[in-house]
Each structure stands twice: as C-alpha cells, then as structure tokens.
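Some structures are shown below for you to check.
The following pair of complexes shares a single chain, chain A, combined with chain B in the former and chain C in the latter.
Entry: the complex of A and B
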C-alpha cells in the first residue's frame, strides 16, 4: 500500500561558522492517510527541524537537507520546484506552530488571513473566500465566527487565536497536518479544548496528523503511533499504548519514569543523569550511551539501528528481537 | 496573641494552621487601575489581579499555588517579598508584618525570603561570573569576613546544588538550562533563607532535567527546613513536591487542602476540571475528561458572583449573584463554592451529551 508520507533516512545539517551541526541524522518513518504520528523529544532533539524539512521550510542558511528522501503522496518533495511547493503548502499539507501570536499577521483581520489561503489555492472571489473563512472559524468551534473573522489577532485570547490558526491550516482540507507544539503556549483547560478539537477534526476531515511535542501526556491523547527522538535520531517507534505500557529504549523508559504522575507519589523522582549532548559535540556510537546504565562497549563504538518488529522498534543494542517481541506481547 | 509589633495573629484551623505559622497571609489584595477618561488619567476600572488571598505556611512546608495564566499566582508570590507592592492585606512573617515595614527593616527581613524565577536565561546577569552571581546576597548582607570566606561559601553552595567548584569562574552562557536553574537556586540559598518563593522553577526545563531540579529542591528542604511557596501550572510536579495545594482562579483561592486528599477528590468544580484536563502519563479512556467551555476570563472583567460561574458545569442562579467564601468543609479542607460539600457534586464528563458538544466542539460543515 502506498503511504501518504514516506520519510527515508532524512538528514539535516546546520552549517554554522562554528562547525557543522547534525540536527537530524537519518530519520525514517511512514504515515498512512488518516493516521496520526507523534514525534516526541526534548529540546534540541531535532523534532522541529524534521517537521520543517517535510514542508521544505528549513531556514537556509544555515540548515540544509543533506540526505534522504521525502515522498508525499508518491511525489518526491526533495525535487519539487518552489512553485510546486507553494501549491502544496497550505492546500495539501499545512502546519500549525507553537505560538499563534507570531503565526498571525497583526495588521490583517483573522478572516482576511484565512481567506488569503483560499484565494491563493482555489481562485475564489474575495467574497466567497471570506465566506469560507467564516465557515472554517465556525468549524473550529469559535462562537460568533462573523465577528471573529473581522477581529484582529490581538483582540482574541490565546485559545481563540490557536483555533483561528487551526482554521487557517484546515480551510483547504489538507491531507497532512503538521502541528508543532500546538498547545505548549496554552493553559491546561484550553489545551484540553484544543486537543479535543483536533481529535474531532481528525475524525471529520480524515487528515493525517504529525504532532510534535515534548509532552508525552499530550501525545497519549491524540495519536496512533509515537516516534521518540533523541539527539537527532529516532530511538523508538511504536503504537502509543505500547510506548506507555512497554517502552523498549532505555531513554524512553527513563523519560516516562522521570515524568511525575498525577496518580501516584514517589519519594524521589527517578532521573536520567547528565544532560542532552550538545549537537556540536555528539558522543560516538549510540548517542545515549553516556547517560545509559545499560551501556556496553558496543554502544560506544557503533550506532544501533532500529531493531525489532516493524510495529515496535527501538535503536538499542541491549535489546534482542526476542525482548522486543516479549515487550510487544506484554503491551497487547 | 500579639506579634512583636502589635499585629494580632489569628491562630485557627481555618487556613490549615495548627502550629504557629512561619508566614501568615491575610486578605492580600492587588488592584491595578485601568486608565480611562480622555487622557487616561482617571482610573475607570480596577484590574483585580489578586482579590483577597489568605493562607498560612509552616516552617519547612511546601505550599503550591496552582492555576492558569492570569489567575494571580505570580503576583501573589511577588507580593510575599514585596517585589510587587500589595494594595492591602497583611503578610506576617514570624509575627512581624512586612507591609508596615520601612525599607531598612524590610531589607533585613529579606534575608529570610528569597525567590527563584521561571526563566534561568533571564534571571542571571550574562555579564557576571557565577561566583559573583551567587555571592551577591552575601555581599548585600555582608555575610563574610574576607575574600577567602566569600569564595568558600560560594564553593559550598555550588556543591550543595550539584555543580563543581571549578565552574565558579564561568559565565551563565556556558551552562545548560538545568545548570542555570541550579545556579539560581544556589543564589537563593546563599543568605540562609527560611522561605523561598519558587515561581515556575522547572517549567522552562526538559522532563529529564526537571526531575533533577525537583529532587534537588526536596533535598534542600529536608536538609535546611526551608519552606517553599511553589508556583506552578504543572499539576504532576505539584502533586510530587507540595504538602498542601492552593488552587487559584481569577485572583482568589477556590480550594486549599493537603495534596493527597485534594488530588484524590477535589471539591471545587474548577479543581475537578483542571485536574481532569492535565495531560496524563498514558492513554486514558475517552470521555474521562471534563472540558470546560470558554476562556479564562479577563481579570479586568471578572464576572459577578462566583468568578467561575460562566464556565462552571454545575452553576445555578445563586452563583451569578453571590460570591462564595472560602470555608472549611472538612478539617484542613477549604473550598469556595456554593455547592462544594464533603461529598461534592461530581462534574460529569459526558462527551456524548449533544448540548455539551454543541457549545465547545466542532460541527461538521
């Protein structure tokens, strides 16, 4: 079956005056139509760079895709012309960013900005485009969408702005929606509203979603599969329930243990010792080995590939396929 | 009982205090005038950032202030140190009211009150070496006799927070976020405080680093008996670190209780919704979340009666008219809701209710 999105061995390097930084280093995943994938990791793990690369929106210089393939709907995104990319962005694939205030232009009304997307992609008249904008605002649950369409971004609350941004992303019914930390800037009760909205819209529009976040709790609510990234590469890839029930990679395990829980209280929080390595000075071999208590000689010398089953894989030498399959059975 | 300067301190169980408190806060208020009129001279309205907050804090205790942005938790924290001047109220530290104090007296007491800010990238001067950053409180309060002693104190403090002594000649930019927050904590510890206000101290940090800093704060509390006012929107961290939790909404406390009993069964509908909205560490069955309608209201336009009534799933006519007072429903458990009872009305999270969906969710086009 043809996947909607295929990413194969994607590498992004940043060419800075102080040296080359390997921000994304051999990332592969695939996404079927209507599926949702969460990319989880801490700051600097390369998750945002991966997302920007998918849209070919990397800030260049300093960033450049140095290897790999991205195929969207069977079409090679890496070779696409600028004109073709402009066609795709906003209509077939759309992106939501963390901070709705910087996404929206402060000098145009929300409706005009959404209508612009429609005019560019569908050659609608200004009136028809504006009507579509109002409809899109209605769809994302904004009360009084007519009034909101004529409002400027500063007149809306953070939650309403993020709804407007989602309306803008969805107005042309994209097949792929990339959401980069869409709820990080919002309050908890508003975050719950936005996640609920994204769930409803996913079911209604059938758009595939890539949700990028540092918060494993947010992922749990919205996606089918999770890819955990560490220091530029994917270290574990599995269905969301398996990641929580039977994490295979020591980093994922550590991350889950370090998360304080609402249900239970421990005397001390387990930690992952040390810090995320600086992208300019990556350790050789497995990049997690200096912080890993399972590290062996092989981990220092060779980087592990993703091992295990196609549905649950992890990049760790400490895992044999047997252990992974056990983990999978336990999770199910 | 009279405090040292004649302020009467009320000892009661109302604010969960059985022993003499380290800190007693009563009816703390901060109103900001909103300029109105032709030239913005007349204060047309008041923005009620903090609107009558009272609580007690025991020595060595952690009280968490939780709530969403604009609920007044940071303003409350800053007022405890008089970094923001309260409009009215009382802040009694060890029997002495901080609000009546002159500058010199206040400065003397500030040795016992320190603060750690959210963003360790903004709270440390980029032009100072770590040694001078940590020694600044020592300089201010003249807590050393000579340069050697100053250096020794700084090295001790660095070790206490898990950094090493070789790092003291470095500048903040040479440290990661977690290490910077350790430096900020070392600076707060330097004058030997009895209370540290920690304003979202781990919110800017990654999960794996966050737990290191939380553990450090707990270790320091066990060792030195420091009390914390821990301001946070992260309920999971609060559950872990706090002894008691005060939930704020629109400048008021809506619930105050011991952490465990509060998380097991919150009384106030807002607390129930807030807890159920918090992302959980694992998939949860659908339909278990209470999703509140509407936005957090603007503190410049607080609704009449109970500030929460426009979003409250169980609001009744009385809620529009009367502001509920924070009252003790069980020993040590306070809530401000007309309907909060020891067995409160559980707020339903029925997602299939069509009226409920209509108001907040999306409709198909």
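Entry: the complex of A and C
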C-alpha cells in the first residue's frame, strides 16, 4: 500500500541577511492513512518549519525548500501549482495552529468562518454551509452548537475556541491533519479534553494526524509513531511505546530522564547539559555530540545516518553497538 | 456594527455604544451631518423660492420675513440658494472621498499584502501625488480637465486617494501578520479572497474614521474650487461660488457670503465631529 504522506530528505533553509540557516536538514518520514505521527523536539529544532513545508506554507522569504520530496497521496507537493495547493489546503490537508485566541478572525462569527471553508471547497449554499458548520461544532463536543456558531470568537473561552478551530480544520474531512502544538496555549485540564477529542475524532474520521509538540506527555497517548527532532533533523523514529520503553538516541534518553515522574523521588530533575546549538553555528559531525556523554571521535567527524530497523531507527553511532539490540528485543 | 454590539458580552465592548450616546459632541456631530444630508435630499421641496429666480427690485436685501437670509446682487433668495447649494457641496464632498477610498483602499491592500515592487510602485506614485498640497493638486487637475461638477469630483478623488492608500497599506501590513490570516491560507484561500474577506473587514474601522474626516476636507476643497470658478458653475448655486459672488460687495451686502460661509463651517464641523466620535469608538489605538 502506498503511504499517505512520504517525506524524503526534506531540507528547508532560511535566507537571512546574516547568513543561511539550515532550519530543516534532511528530514524523512512516512505516514500511512489513518496513522498518527508525533514530531517532538525543543523550540527551534525545525518541527514547525517541517509542518509548514508539508503544506507549502513556509513564509517566503526568508524560508525556502532547498531539497527533498514531499508526496501526498501519490501527488508531488513540491511541484503542485498554487491553484492545486489552494484546493488541497483545507480539504485534503488541514492545519491547526497553536494559539486559538488569534487564529479566528475577530470580525466574523465562528459559524461564518467554518462555513467559509466549506464554501471554498464544496458547492454549497450559504445555508447548507452554515448547517455543516453547526454540525462540525457539534462533532467537536460543543454544547449548543447553534448558539456557538453565531457567537464571535471573543465570546468563547480558550478551550471552546480551540474546539472551533478543530471543527474548522475537520469540516471538509481532510485525510491529513497537522496540529502544531494544539494544546500549548491552553490550561492543563483543557489540554486533556482537547487531546481526548482529537483521539475520538481520529478514530471517527480516519484522518491521519501529525502532532507537533514539545511535550512528550501529549504524544504518549495520541500517536502511533514518534519522530524526535534535534537541531533540524530527525534523530530517532519509532513506535511510541518503544520510544518510552527503549529510547535509542542519547538525546531521547535525556529528554525522558528530564520528565518528572511520580514513581521516582528526586530532589532535582536531571537536565541535558549545554544548550541547543545556534543554527548559524552547527557543530560538525553529529549535532548532539557536544552535549552527549557517549560522544567519541567518530561523532565529531561524521554525521550518523538513521540506523537500525525501519520501525525503530536512530541517528547515533553508539546505536550500532548496544542500543540497537535492546531496541530490537523490545520491538519483538 | 450594531448587530455585533448587541451580542457582545465582553463588558469593555458593551461600554462603547453607551459612550457614543453619552458624548454630546457625538450627538451634535451626528445631528449636523444627518440634517445636512436631509436638506440635500429634500432641497427642492424645502427651498421656499427658485434659487435661480432673479429680481432686480429685490437685489441685495438684508434678511427679512420674505427672504430669511436676504438676497444677493441678482435678487436671488440666499436661503434657497444655501439649501440647493447643499446638494452640490455634499454630492461632490461625499462622492470624491468615496471614490478616493475605493481606489486607495484596494491599492493600499495590494501594496501592503504583496510588498516588494508592487508596494514600491504604488507607494512612490502616491508619494508623488502627496508632495503637492491638496488644494493646489485639485486646482491643477480641475484646470487641466476644465471646470465642472465631474471635474471637481475627479480632482478631489485624485487629491485624496494617496491618503487612503497609505492608511490601508499600513493597516494591511499589521493585519497580514495575524495568525488568522495564516489559518485562512492554510484553509485554501487565495490572496484576493483573503484581502476581501479577512483584511478589508479588519481595517474597515480606521478607514471609516478617515473617510468621515476627509469628507470634511473634501467639502472645503469643493468650496475652494467653486470659489476659484473651477467647481460648480454659475448660475447653479454652491457654497463656494456664493462666497465668490458675495465678494463683490462684501461691505454693502455681506449676507450671501456670510450664510454660505456659515454653511461650510457647519458642514465641516459636523463631519469632523462625527469623525472624531467614530475614532473614539472604532480606533483600537485609542483603547485604554
């Protein structure tokens, strides 16, 4: 079966007056229809740039896709015309942005905005489109969807707004939903509700989901696979359970150690020493080696490719020796 | 706007309509402009006499029961001329800025949205026009096209359109960065659709304020052009050419010039006050 989305060696550079920044550097992954993938990483590691590139929404200038392929449903996104991209956006692939406070236009009612998306992509009368909007709001669990559809964004709470944004993204039944930190701007109880909702909707609509987050906890119960990004490239890609049970890359291990846990009693959370390298001054070799306690000579000189099984791979030279065996055992 | 205000639950937003009603200046401004529009529309039915009807017997009379505002040197009833003159002044004073806004807002949105060469070309062109004083530019255009009603409208539209271009351009640049614009692109809208559906409504507030303030300017411009003989042509009355006619005998018969001048003052005052009131209500910059 063909994958719904195939990303191959994607590279995005930012052309700034102070030099070229390699925001995304050779990212590859696959996503089957109905599957969900989490892209995890720190701020500035290229997650959002990757997501925007998938829909060809990169702000240009300064960003430009300089290499690689993106195939969506067998169609080459890199060669798609503007008109074709406009057709795809909102209908076949949809995006949920981080901050629901600002992704809705303040001068139109929520229902009008959702209906607008319907009318862009389907032939529908204004009344029919508005009815679809109400239905979509009902689907995302909004009580009294009729009233909500006629409300303006400032009249809704943050959680309600994010539900409305999700309704807008799903109203045309996209095959791929990209959610860029959908819960970051919400408080914790609402976060849980929105994640529950996304899980239910994934099962109901069969949409493939790419979830971008820096929160491993968010990833844990929503996605099938996880891609961990560091400094513009994927350093580990594996089923979600494996990532938690047997992280292969030292960076992933560090991230997991840095998560507070109820079982372990600690006075101080462990951290990963050092900071993310500046994109303008990337270290040679493995980009993680200055912060890695397993770093050896080879790490300084050569960048590791993704190694290991197709279902669990990591970009680390140390992996060849012992981590891989552990990963393999747990995967089996 | 009204429709929206009624559903608003945000207390800060609810305060706005009340502030609008509570402000005396707002009420006066709105009443003045509304009265002027009524006078312009109903002119022929209100005017007690034919504004063109001359009478040498009744020339240059002071105000009386028969001629409320007196008569001019041709014996025409000044009250009727002021009333009918409202039509010319408002027709030109409203149409000119509205045309300027239609062209200027579109050009400004294009410049603000696309930036780059589009922006440079449009902005430099409007800078070129703005380097002339508004009145001088109007006089030049009117002189070039030949005097008349349409000329006055075109001259005012050209003289004012750079103002709208600038305003729409900078407002568009701000709105463009809003995430809901990104969201709309991600939903599959093209640039023109986004400008119409999402940018225009969001910049409408400051544009409406500017429009009412520039209408005041346009009324002055129309009076100035007519005064110079480039606007409304005699014998048709307009406030500007009434002042010019009255200039001939300002000491002996000051009434036509005085009442026409008062009409201009009231109209400009009315639109300015309305503009200020709208600004207090709509302009986000002044929100506390």
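Keep in mind that, in the parts below, the second predicted complex is superposed on the first by the 325 of 332 C-alpha atoms of A that agree within 3 Å, B and C clash if a C-alpha of one lies under 4 Å from a C-alpha of the other, contacts with A are read in each partner's own complex, and residues count from 1 in each chain.
Everything below uses one rule, namely that contacts are C-beta pairs under 8 Å (C-beta built on N, C-alpha and C of every residue); 3 or more make two chains touch, one makes a residue touch a chain.
Please read all numbers here as calculations on a predicted model, not as lab measurements.
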Specify the outcome, clash or fit, for chain B and chain C once both structures are aligned onto chain A. fit
Between chain B (first) and chain C (second), which does A:168 come into contact with in this model arrangement: first, second, both, or neither? second
First (chain B), second (chain C), both or neither: which does A:216 touch? first
How wide is the angle at chain A between chain B and chain C, using CA centres, rounded to the nearest 10°? 80
Touching A:48, do we find chain B (first), chain C (second), both, or neither? neither
I'd like to know which partner A:36 touches here: chain B for first, chain C for second, both or neither. neither
Who contacts more of chain A, chain B or chain C? B
So, does A:121 touch the first partner chain B, the second partner chain C, both, or neither? second
Check whether A:187 is in contact with chain B, with chain C, with both or with neither, and answer first, second, both or neither. first
Least Cα-Cα separation in the three-chain superposition, chain B to chain C, whole Å, stands at 7
Per the touch rule, the chain C residues reaching chain A in their complex are 4, 7-10, 13, 178-180, 182-190, 193, 197-198, 201-202
In the complex, chain A touches chain C at residues 55, 57, 82, 85-91, 94-95, 97, 99, 102-108, 116-117, 120-121, 150-152, 154-155, 165, 168
In the complex, go through chain A and note every residue touching chain B. 42-43, 135-136, 138-141, 157-160, 187-193, 196-197, 200-201, 204, 214-218, 220-221, 240-241, 244-245, 254-256, 258-263, 265-266, 268-272, 275-276
So, in the complex, the side of chain B touching chain A is made of residues 68-69, 176, 178-179, 206-212, 214-215, 218, 233, 235-237, 239-240, 259-260, 263, 273-284, 289, 291-292, 295-296, 360-365
